[in-house]
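You will see chain A twice below: alongside chain B first, and alongside chain C after that.
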Partner chain A sequence: MSSVPDSPKEGIDVTAVLYAFLFYLATLLLVVGTGMKIRRYAKAPAPLKIPTMPAPRSQGGVYFRMFREVVLFESLFKSNKWIWLFGYLFHFGMLVVLLRHIRYFTFDVWWWVQIIQPFGVYASFAMTIGLAGLLVRRIVVNRIRYISSPSDYLMLILLMGITGSGMMMKFVNHTDIIMVKGFFLGLMRFQINELPMSPVLLVHLGSVVFLMIIFPISKLLHGPGIFFSPTRNQIDNSREKRHIVPWAKKLEE
Partner chain B sequence: MASLDINAEGGPKFVADPLAVPQLKCGAMEDLESYVAHPKHNTDLGFPGELIDNWQEVAIAKIGELAEKNRAFQVYLDSCVKCGACTDKCHYFLGTGDPKNMPVARQDLLRSVYRRYYTFAGKYFPKLVGARDLTKEVLDEWYNYYHQCSQCRRCSVFCPYGIDTAEISMAARDIMNSVGKGQKYCNEIIAKASTVGNNLGLNPKALRATLEDLEEDLEDETGLSVRIPLDETGADVLLITPSADFFAEPHIDGLLGYAKVFHEAGVSWTVSSYASEAANFGMFIGSYENMRTLSLRIRQAAEDLGVKRIVFGECGHAWRVAYSFLNTLAGPFDFLDQNYPIPQHIMEFTHDMIQKGELNFDKSKNDEFRLTYHDSCNVARGSGMGGYEGGQFDLPREVLKACCNNYFDMDRDTIKESTLCCGGGGGLLTDELMDLRTKGASPRMTAMKQVTEDHGVTHMAAICAICKTQFSKVMPKFGYEMDSILSVHQLVGNALILTGQEIEEDPAPERDGVATEVNS
Partner chain C sequence: MKRLIIATIVLFGLAVGMSQAGSVYPEIPMASGEAHPEGNEYWRVNHMDLLRHDRDLTMREGIRDTDASIAECVTCHAVNGLDAKPVTVKSEDHFCRVCHDYAAVKIDCFQCHNSIPPELSGASLMFKKQANTLEVLMAYIEGLSR
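This part shows the complex of A and B:
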C-alpha cells in the first residue's frame, strides 16, 4: 500500500481514499437513484380506485392502515407467521442497529442514541436470526425456492455479511472505532481522514457501499414502494368523490 | 416443508383442509389454452386482428407505457421481494399444484420481461435477477397462465406490499390484446355488450318477451301484478343487472326476487334494453377504454330514461366496476338523486327496506334449505356496501338471516376478505377451461363440505352471476346437486309475503325454482 510520500505519518492511505470515494459515490447513487424512482412512482397516476377492500373510509384511516403495514407488517402476519417472524426480527433488528450507528455520524452522541446502544447489540442477534430464518426457508420450502433467483439468495448473504462483520467487530476483533468515527465525520466535512486497516471493517464497509449502490436498482425498492401501493394507500370513497386522472380526463374531451 | 408452514398447523384438523398446500406439480397446467379470439372480435374492440409482425417491439413498448400510466403496475413490478407470503393463497394453485399458478410466479412471467428491458440489473445481469427475453414461448406462456387468473385479489390481501396479481394479469391481457393476441371468450362478449347491450347478445324484442313471461310467472305465483318493466321512461330506478338474470338458473329467481322487493317498496323501476348488462368484461382485459365504453351505455340509458337512481343486481365484477369505477369512468352523475348512493346495490336496497320493517317475511318458506353464503371475490375485495368498512360482508348475511332460519358460515379463513374464488371469474367461465374451473373450485367446495358435515348445510347462496353459473356446473363434480347454488334474492323472493298476497293456510307447495337449466 502506498501512502502520500511527503508526509507518511499524517498521510492518508490509498484505501481510505478509495473508501471515501466509494461512500460519496454510493451516497450519490442511493439518493439520486431512489429519488428518481420515488419521483417515477409519484408521477405515475393511479387511474382507478383499487384499494384492497375492506378499506378505510377516511384519510386518517389510510394513515392508520399504512402504519400497521409498515410498523407491524399486518398483511404478512395474516399470511404466514414464520415469514412474519423472521422478517420482523430482521427489519426491526436492522432499524435499531442503524439507529445505533448514528453515533458515528454526530460529534456529540445524542442522548437517545446513547440509550439505544446496549439494545443495538441484541438487535444484531435478532437480525442474524431473522436473516438465517429467511435464508433457510428460501432453500427448504419448495414454493419459495421455486420463485427465488440467484439475486434473492445473494441479497440475504450480503445482509448476513454486513451483520456478521459488524458483530465480529463488536464481539471478536475490535477495531479502532474512534478512528472510524473520525473517518465518517471527516467525510461529512469533505475531508478524508484515516481509516483503520482492519480487514473485517473493510469488508463491513465495502458490503454497505454495495448495498447502497444496488438499493435503487433492486427489490430493496419495496421500502419506498409500499407507500405508493394503491391497494394500501387509497381511500374507499369512490361513490362519494369522483377520482379521475389527467390521461383519463382527456378521453372525455 | 409443511412443518415450517403455520397454515398447515393451528386450528382444528378436518378430514380435508380447504387451504391444504399441494405438492408442486411443475407444468401441470401449461398446455391449457383458452380459445384465441377471431380477428373480428379483436378488431371490434380496436385491437389488431391477429398477432402483428413486430409484436415483440410493440409489447415491450406497451409495458413501458403502462408503467407510466398506471402506478400500481410500476410499483408492483419493482416491489416484490419474493418473500413467498402469497405462494399458497391462490385457489388455482391450491387446486392444481402448478407453481406458475402461485401469485408471485404468475407475476414473474411478466416481471422477468419487464426486468430484461426496463431495469439495469435485468439488462446487464439477466440470469442473476431472473430476467428473460420476450420470445414467442414467453408470449404463449403469458397467454395460458394469465388466463388462469380470475383476478379475485385474494393474494393482494396477504401481500405485505399489497401487490395485486389482478393488476398484473389485467395489464398482461392488455399487452397481449395490443399485439393481436386476444381471448375469444372475453373479446367476443365485450363486442356484443358494446353493440347489442348485453353479453348474451339478447335483442330488445327477445328481452321484452322474456320479461313478459316472467311477469306472468309472478302473477301466477302471487296473484298480484308484479311488474318487470322494460325501457319505461320516467321510472325512478334503473336496474342494471347481469344478462344471465334474464335467462340462467338460479339467476332468474334472483331477478324475480328484485321485482318483488321493488313491488313491495312501491318504487317505479325499469330495466333498459340499451344497457341490459351489469357485467363489464372490459375490466378482465385491463382495457380502460373498453370498460369506459360499456360504462357510458349505463349513463346513456339513465339519461335517456330520465331515472333518478341506478341500482345494480347481483353480479360480482359488475359491482366492483359499479362501486369503485363507475363514477370515474362515466361520472359525474349529478343528474341523479344525490340522496341515494350512486350506484346502489340491490342488497343495499333490500337491506334498507328490512331495516325499515317494510318487508314481511315467512322464513319457513326457506326451511328446505340449510344455507351458507359464498362471498364473491370482487364484491368482498373490490367493493363496498352500506357505506361502511366491511358492509359488503354484513349486508348479504343480514338479509339472508332475515329470510332464512338455517344459516351457517364456512371456515373464517375462506370467507369475507379471505374468500375463495368460485373458480370461474375474470373471463375464465368458458367450457375449454373446465378442468381449471373444477380444480380452482375445489378449495371452496372443500370449505362447503366442512359445513355440510358440521351443520348439514345443503345450499350455498351467492350474489354473482359468474359464481352462480360456475357453481351450478362444478357442484355436481363435488357431490352436490347443480341446484345447490342459489341467488340471495331468490331466497328473499321465496320468503317475501307481498301486501295483498293471498296466504294459503296449508304449507305452500314448494316453488320449483330450478326447473330448467339455461347456460349463461
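This part shows the complex of A and C:
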C-alpha cells in the first residue's frame, strides 16, 4: 500500500521505466565491470620487490602505510600541496555527500546517517571548490594542459554536473524527495514507482547513471587500483625473505 | 556453470527477500479542513520555503498578519493518539515526523513553537494505529468527552 501518490498516473510512466532500466543496467555494469578489473589487478604478477623507500618492514606497517595513503593521500601531499588540497577537498566532500545519500536507500535511516545528513550540504561546497580547483589546474598549468586528455576533462565536468544539479535541488529548485526515495526503495524491491518530472533531478540521475557505466573503463579506477600498487603495498623485507613469484620458482627447481 | 548456478540462486533469493517488503512510502495521515488549493505536491516540495518566508516576514520585518501560521498547519494536520489527544512532535505519528523521519531531515520549528493545536476542539479525530480492543476504544471515547 502506497499512501503518497495523490492520483496514480494512468498507463506506463515512460521516464520512470527508462530510468529504472538505466539504473539496473548501470548497477550491473558497475559491479561486474569493477569486479573484473579488480580481479585482473589481483592476478597481475609483481615479479620485483619495489616498495618506495622508506617502506614499512612488517605487514602491520604496510596496513598503516596504506591507511595513510587512502585516508590522508600522503604521497600526493608530499609531491604537490595544491593538488592535494583540491583533491582532498573533493574526495572528502564526496564521501560525506555519498553517506548523506544513504538516506534514500534505507528505511529506517541508520542513526549515523541521520547525524551526517545535514553536514552533506556543506560538503557539497567542498566538492565544488575541489573540482573547480582541479579543472583550473588542468587549464592554467601549461605542463598539465599538455598531458590532459579529453577523458580528464570529461570526468571533472561530469562530476561538476552531478554536484551542481544536486546543489540546485537543495538551494534553488526543490524536488519531491519523498517520491524520489519511493522510486529508489521501489527499485530495490523490483517495482517501478513514479519519478518526479523535475528536469534538474533527471539531469542529476542521468549523469550519475553515466558515471556508473563508465566507471569500470575510466581513470576513476584509481579508487580500487591504489590497493594494488606494488610501490605502496609491498613489505621492505628483501633481505630477510627472498621475493620469488611462483612461476619463477618452478624454473629453479 | 557452478558460478552461474550460484548467481541464479543469489539473485532469486534477493528477489524473494526484496519483494516481500510492504509499502515504500510513508503513511501520511489525513488532515481535517479543506485541502490546499495548490495541491499536495506543491506543498511537499515548497513548505520549507514558505515557512521560512513567513518567519522572515514576521521576525525580521515585523509583519505579523501573514497568510498562514504554523499554528494553523498544526491545527488541521494534528494526529490523535490513542487517548484522543493530539500527539506532540515527540511521537513518530506526528504529521511532520512521518515524512521527516522518512527523509532523515531534522526540523527545529518545535524547539520554540507548539506542535499541537492551540485549541483542542480543532483537532482531527483520527488515529491510524490498529487498536481494536474495547479498552482502547473506551479510553479514546473518554478522551473525546473530556
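FYI, the second predicted complex is superposed on the first by the 241 of 253 C-alpha atoms of A that agree within 3 Å, B and C clash if a C-alpha of one lies under 4 Å from a C-alpha of the other, contacts with A are read in each partner's own complex, and residues count from 1 in each chain.
Rule of thumb we're sticking to: a contact is a pair of C-beta atoms (placed from the backbone, for glycine too) under 8 Å apart; a residue touches a chain by one contact, two chains touch by 3 or more.
No experiment lies behind these values; they were computed from the predicted model shown.
Enquirer: In the overlay, answer first, second, both or neither for which of chain B and chain C A:45 touches.
Expert: Only chain B; A:45 stays clear of chain C.
Enquirer: After lining up the shared chain so the two structures overlap, which partner does A:14 touch, if you call chain B first and chain C second: first, second, both or neither?
Expert: Neither partner.
Enquirer: Output check: A:95 vs chain B and chain C. Expected answer is one of first, second, both, neither. What do you get?
Expert: A:95 contacts neither chain B nor chain C.
Enquirer: Report for A:55: first if it touches chain B alone, second if chain C alone, otherwise both or neither.
Expert: first
Enquirer: Using the superposition on chain A described above, determine whether A:28 touches chain B (first), chain C (second), both, or neither.
Expert: Neither chain B nor chain C is touched by A:28.
Enquirer: Is A:114 contacted by the first partner chain B, the second partner chain C, both or neither?
Expert: Only chain C is touched by A:114; chain B is not.
Enquirer: Can you pull the chain A residues that chain B and chain C both touch?
Expert: none
Enquirer: Going by the contact rule set out above, which residues of chain C touch chain A in the complex?
Expert: 15, 18-19, 21-28, 39-41, 44-46, 48-49, 99, 101-106
Enquirer: Show me the residue ranges of chain A that touch chain C in the complex, using the header's touch definition.
Expert: 1-6, 103, 107-109, 113-114, 117-118, 174-179, 181-182, 185-186, 188-191, 193
Enquirer: Can you name the residues of chain A that touch chain B in the complex?
Expert: 37, 40-41, 43-50, 52-57, 61, 69, 73, 75-76, 78-83, 87, 134, 137-138, 140-144, 146-152, 154, 214, 217-219, 221-222, 225-226, 228-232, 236, 238-239, 241-244, 247-248, 251
Enquirer: Provide the residue numbers of chain B that touch chain A in the complex, in ascending order.
Expert: 1, 4-7, 21, 23-24, 67-72, 74-76, 78-89, 99, 102, 104-105, 108, 119-121, 125, 127-130, 153, 156-164, 167, 288-289, 292, 323-325, 327-328, 331-332, 341-343, 380-384, 388-393, 417
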